[in-house]
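Both of the next two complexes hold subunit A, though its partner changes from subunit B to subunit C.
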Partner chain A sequence: MLKYIIKRVLQFIPVFFGVTLILFLIANYMPGSDPVQMKVGEKKVTPELRKQIETEYGLNRPWYVQYGDYLYKLTKGDLGISISTGRPVSEILSEKYPFTIKLALVAIIFEIIFGILAGVISAIKQRTFWDVFVTLLTSISVSLPVFWLGLLLQYFFGIWLKEKTGGAFYLPISGAEGALPTWEYYVLPSLTLAAVSMAYAARIMRSQLMEVMSMDYVRTARAKGLSGRKILFSHEMKNALIPVVTFIGMDFGAMFAGAVLTETVFNWPGVGFTIYRAISARDFQVVIGGVTVILFAVMIINLIVDISYAFLDPRIRFTGSEE
Partner chain B sequence: MSDNILEVKDLKMYFHTRDGVVKAVNGVSYDLKKNQTLGIVGESGSGKSVTAMTIMRLIQMPPGHIEGGEVLYNGQSILDLSEDEMRKIRGNKIAMIFQDPMTSLNPVYRVGRQLAEPLMIHKGMKKKEALARAVELLRLVGIPHPEERVKDYPHQFSGGMRQRVMIAMALACDPDILIADEPTTALDVTIQAQIIELMQDVQQRTGNAIIMITHDLGVVADMADNVLVMYAGKPVEYGTTEEVFKKPSHPYTWGLMGSLPRADMTEKEPLMPIHGMPPSLVDLPSGCSFHPRCPYAKDICRTEVPSTHVIEGMHTATCHFAGESGFTREVMEKEVGQSE
Partner chain C sequence: MRKRNLFLVLALAVVMAFALAGCGSKTDSTKKSGTSATPVKGGTMSYYIGEPAYIDPWNAQETEGMQVVQAIFDSLTTVDDKDPSKLLPAAADSWEPNADATVWTFKLNKNDKFADGTPVTANDFIYAWNRLVNPKTKNTLTGKADPSVIAYHLGFVKGYDEVQAGKAKEMSGLKAVDDYTLEVSLSQPFADFAYVVMHPSLGPTPKAAVEDGVDYNGKKVAFGDMPIGNGPFKMAEPWKHDQYIKVVRNDNYYGDKPYIDGVDFKIFKDPETAYTEFEAGNLDFTQIGEGKIKDAEAKYGTSSDGYTVNPGKQSLLGAETSVYYLIINNKDKTLKDPNVRKAISLAINRQAICDIVFEGTREPADGIVPPGIAGYEKGTWADSKYDIEAAKKALADAGYANGKGLPTLELAFNSDGGHEKIMELIQADLKAIGIKTTFDSADFPTYLKKLDSGKHQLGRLGWVADYPIEYNFLYPIFNSKSGDNKSFYSNTAVDDAIEAAEKVTDGDARIAEFQKINKTIGESNPVAPIMFYKHHHVGSARLNDFMFSAMYLANFQKVWITPSK
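Right after this comes the complex of A and B.
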């Protein structure tokens, strides 16, 4: 097991360098990327002013020197200074991250509850109304673009419902800046964020459970005299959940990075929205810093998922230790 | 006849599929006494397993449907029981062993837990007590170091060992009837003999009745008191093992015996396989279902469904010519051999 973990950690290294290098190249060669002009705004940039700003932020150095500097600072936990605000990137990110994590957590809870429940229902009620209903809903959910779904939800729950009920009932459509928002602010963005994954989780759950139901060991369990419910919850679910847990786990990692669209649509003050704004402002220190943090988060979560796999499936545990 | 622990009377189990009605079991009758072993033989698709699964009520209904007949366990009709009542019999009074031990155990649970399950639900044992009994069961079926092995997962056992575990599981609640559905088919020949021996050994100790489903006549000759030969969902010959082996009276039984290599065979004496394929159970041949493959078929076989003839005592065969003098395996095989 330890050997496996070490192997996986070593695999992080090429991924890390690959992603960060590509980022630096994009930042330097992207057309129309003039961070100095973006910082100054409407004003004309005099050569003196440009030189001053470039020296201040180290932009006059070649990109590989900047990359080396970034790596060196990273070892000390320093993510550089944001050119548009002049604040340390790590400070900005640590301010925004709680919003992203909370949103991702709520979305994951939605995904676990509704995804698994829908999958189980459609598997045990095969070819009934509920099965068709779930299949239809998941197809729609998978094919709707995230931002479009977000806008629809905003319109129905935030505007249409508010008008119809005379303002008595509606859900907020924009994340409040500043203090952490109350629960009703989470509903729409987390539903939007979870929608696609929820549908996939339901589908994986359904197909897995249906496959497990026809397994010989389920027949054995029935021959032993176990009740249908007991067979479902112990013998079938534990086997069928293995791939679902992996999917949801990986997805949790992806949500840290994938929240850019959702956060932007809902004005959610998280990391995704911050990165989006930083890209518009050509504030590459923030983009690179944000992506670096996401990168670490995703890799660590994936590792945790892989390890938890072994606890669900004893076969993996033992082949790992025998090798 | 109250000493019959199980009576199956004219059981019919059909499956209603899109392609038509599959007559998987079509009028099967037999009975079973304590300490007795019944061997059910036949090719794949002859309805052997479905008969057994019907007794356990493990057939999905629909598509399965019981068209007629009765199954009496200790005089009580099993087919009329509610699902809850049936659950109390399954694994407790009637237990089953399946063909493929590699897939019949749940891969994510320890063997001990799977063994303990029937004890906890049927005997009301606490987990600790049931696990202690699981160790005893593993010892009973000849698994070395059972104290440690109960903590292992199925994938840590070999095929033969897993089948031993399956037998231990089936025996957990000391059932009256043990149904073994081709328990040795998926195993090596040497392991097969061990498993058969184990089952005989267990029967001697516990006195339970065994229904042995197999396509291996050797196993039947070895173990069974009575034999039921099935073809295309119907019984074609039924009798004590001695009767059936001494005086087989159905051409299909002859075919099964002719397909079996014997130690005293010479090179000149070829195997006599049954030609052709088992018929589709949706569209059975007219008359006797076996006629397209029967080397001795006459016109009557194509048109009329044969009735069951009593050969001697309880020995019966369902063939138009069964019991007629001269209609024996030796005579007929010689005749066909000459005409070829």
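Right after this comes the complex of A and C.
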């Protein structure tokens, strides 16, 4: 197991260098990558001002020197300074990540509970009203644009309901006041963020469970006289869950990159919009810093997901393992 | 199977949301219009902004940060919200230039204090201004040098070049005659200088707070996150990035104290979300969402002057001091003919662009100088209008009747920012008189490089006024030495006239000079002004006398909030 983890971490090294190198090359050679102009706006940047900013932000150095500097600073946990705002990138990201993670966690819980539950219901109640209902709902959910779903929820829970109940019941439609927003603030954005994945999780769960249900060992268990519930939980679910866990795990990793649309519609102070805005402003320090954090997060989450297989399926053994 | 029920409730809620979303919303638009009540003290106003880049005035330039800066800082002068040609005293009680407008003496208000109670003196202005100009000025958030992008405001002050070049740390032209007398020597005559110093970023800053940090709850906070100024409001707590900036009434303020207790600048990523919040009753002032102007006017009523919000007259559609114009390269071998330029300008149906692309939130430009600028006159540029017959005639006068013999022109623009729709209409308008064009679009920096290189023929740019004076348009856009003159218009008579006008210390006489210069420039159509920007903002029904000026600055000093019952 340890060997496996070490191997996975070693595999991460070329990924890390590959991604960051490409970013540095883009930052330096992509046409239009001119953070100084973007900082100034539509006005002409005088050569003097350009020189001043490039000197202070170290943009006048060759890209490989900048890259070396980035690597050196990274070892000290320093991600550089944002050109557009003059703030330390690590400060910007550490401000946004708690919000991104909190939202992702709630969304994942929605995904796990409702996605899996819906999949199980429609698999065990095949070709009934509930099966059709879940299939229909997941089809709608997958095909709805995220921002549109967000807007619908905002209008329904934030405006319509507030008016109908005379302000007695409604949900906040945007923002996250303070460091620890109250639960109401999470409902709509996390539902929106989880909507598509919840539908996929339900569909994967349904098809996997149906496949497992037709397996010989399930028939054997039934012949043994085990109860339906016992079969479902100790035999069918365990095997059917593996692809679902993979999917949800990957999804959780992806959420670390932030959710630009959901964050925009709900004005959530997360990392996705920050990186998006940095890209528009050609603020590469923030982009590279953000991507670095995402790289590490995704690596760790993927590793955890892979390891969790072993618990779900005893047949899975990691290469290099002595057991 | 309790869980199943929970799922059902959720599923039903989603389905209901689809079904009911079409129902729309009704807001309390039935409030009576007009107010006659006397102002009431109290209440906090919430105000939409995007995340500012800086709120430390040394580097605040974009509209977002400026709203906050002008609430917490007062500059030497200010202008009347409704008539920007009227200069008013602010931190300076009075000012006087010498005979050729090279030395300015500002007498400061002796009651002016920073929010922490320390008096504002001439040295606080000198410190603030040197901070702005010195490229080695440290950003208080990082402790590292961060050159200000707005140093140019003080470009006329003696010693500016030396400080910019790193040869000196302080501008030689700034002198504190005594605590309350600031003397500014300029390197050339500039009679509009009192307008320049109204810029919100040119307020005083307290040296101690900048260098040691600001006390907040027993901790030191960087000045950049919690600036201390001399304005009507002060920061209530440090800037919560991407969430909010809260300011409260400054009891040490020397001027008329605001009625409201404070302003919550709520930070949104997107004006559409802010407008949804406004509709839900959670925001007092915001931009109107795209495509919803008519809807907002119907629901909330329209302000009578375009700039003031009162109950029932809440949508603001007044013109802003900014212009969108078509660049015509005056050095191009085809476009150097003034008749071709005239034909282009006359061929463009500006009203159609404003209506089709902007739902009436822009106003056709009748010259390069927008309303709201001191000396603005209607119809200054005779050819800045839609007259297809006159356009055809001008093209024929140039020897290209119906476009015959005229080479295809290239219309360049930046691909971001939604300019393509405007360019398509312009392209069709030009085609109607026989001028064929092709598009060349690129990302913004690449596009600007092209404009710098002079290899363009037609292009676009916008210009937003820093100060409400004609100089602020005519010099940058048309002076032969200006870096922002992308049409390469070059007329020594105009260059000289602008310089001469800035020696005229009498305000009305100077304005008259600039009006003449503006007309002269307009006669040769060096650019084709397309439209002026307009407000597309709305305030809530509880706001009274809230003023959002043509300069895009909110006046929180006069607004009062109707108390809720």
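Quick notes on this structure:
Note that the second predicted complex is superposed on the first by the 305 of 323 C-alpha atoms of A that agree within 3 Å, B and C clash if a C-alpha of one lies under 4 Å from a C-alpha of the other, contacts with A are read in each partner's own complex, and residues count from 1 in each chain.
Please note the rule applied: contacts are C-beta pairs under 8 Å (C-beta built on N, C-alpha and C of every residue); 3 or more make two chains touch, one makes a residue touch a chain.
Just so it is clear, the model here is predicted, and its values are computed rather than measured.
Aligning the shared subunit A places subunit B and subunit C next to each other free of steric conflict. In the superposition on chain A, contact of A:81 is made with subunit C only, not with subunit B.
Contacts of A:282 after superposition on the shared chain: subunit C is touched, whereas subunit B is not. When the two complexes are overlaid on their common chain A, residue A:227 makes contact with subunit B while staying clear of subunit C.
Contacts of A:38 after superposition on the shared chain: subunit C is touched, whereas subunit B is not. In the superposed model, A:113 makes contact with subunit C only, not with subunit B.
Once the two complexes are laid over each other on the shared chain, residue contacts for A:122 go to neither subunit B nor subunit C. Between subunit B and subunit C, more residues of subunit A are touched by C. Of the two partner chains placed around the shared chain by superposition, subunit B is the only one that A:215 touches, whereas subunit C remains out of contact.
No C-alpha atom of subunit B lies closer than 20 Å to one of subunit C in the superposed arrangement.
When the two complexes are laid over each other on chain A, subunit A has no residue in contact with both subunit B and subunit C. Residues of subunit A that touch subunit C in their complex: 31-34, 37-44, 46, 48-49, 52-53, 56, 81, 84-88, 91-92, 95-96, 113-114, 117-118, 121, 133, 137, 140-141, 151-160, 162-163, 170, 172-177, 263-267, 269, 273-274, 277, 280, 282.
Residues of subunit C that touch subunit A in their complex: 3-4, 7, 10-11, 14-18, 20-21, 23, 25-26, 51, 53-54, 59, 61-62, 135, 139, 141-142, 144-147, 149, 151-152, 164-165, 224, 241-244, 266-270, 273-274, 276-277, 279-282, 416, 442-446, 448, 452, 461-464, 482-484. Residues of subunit B touching subunit A in their complex: 56, 58, 87-92, 95-96, 98, 100, 103-109, 117-118, 121-122, 153, 155-156, 166, 169.
On the side of subunit A, the complex with subunit B involves touching residues 215-217, 219-227, 230, 234-235, 238-239, 242, 312-315, 318.
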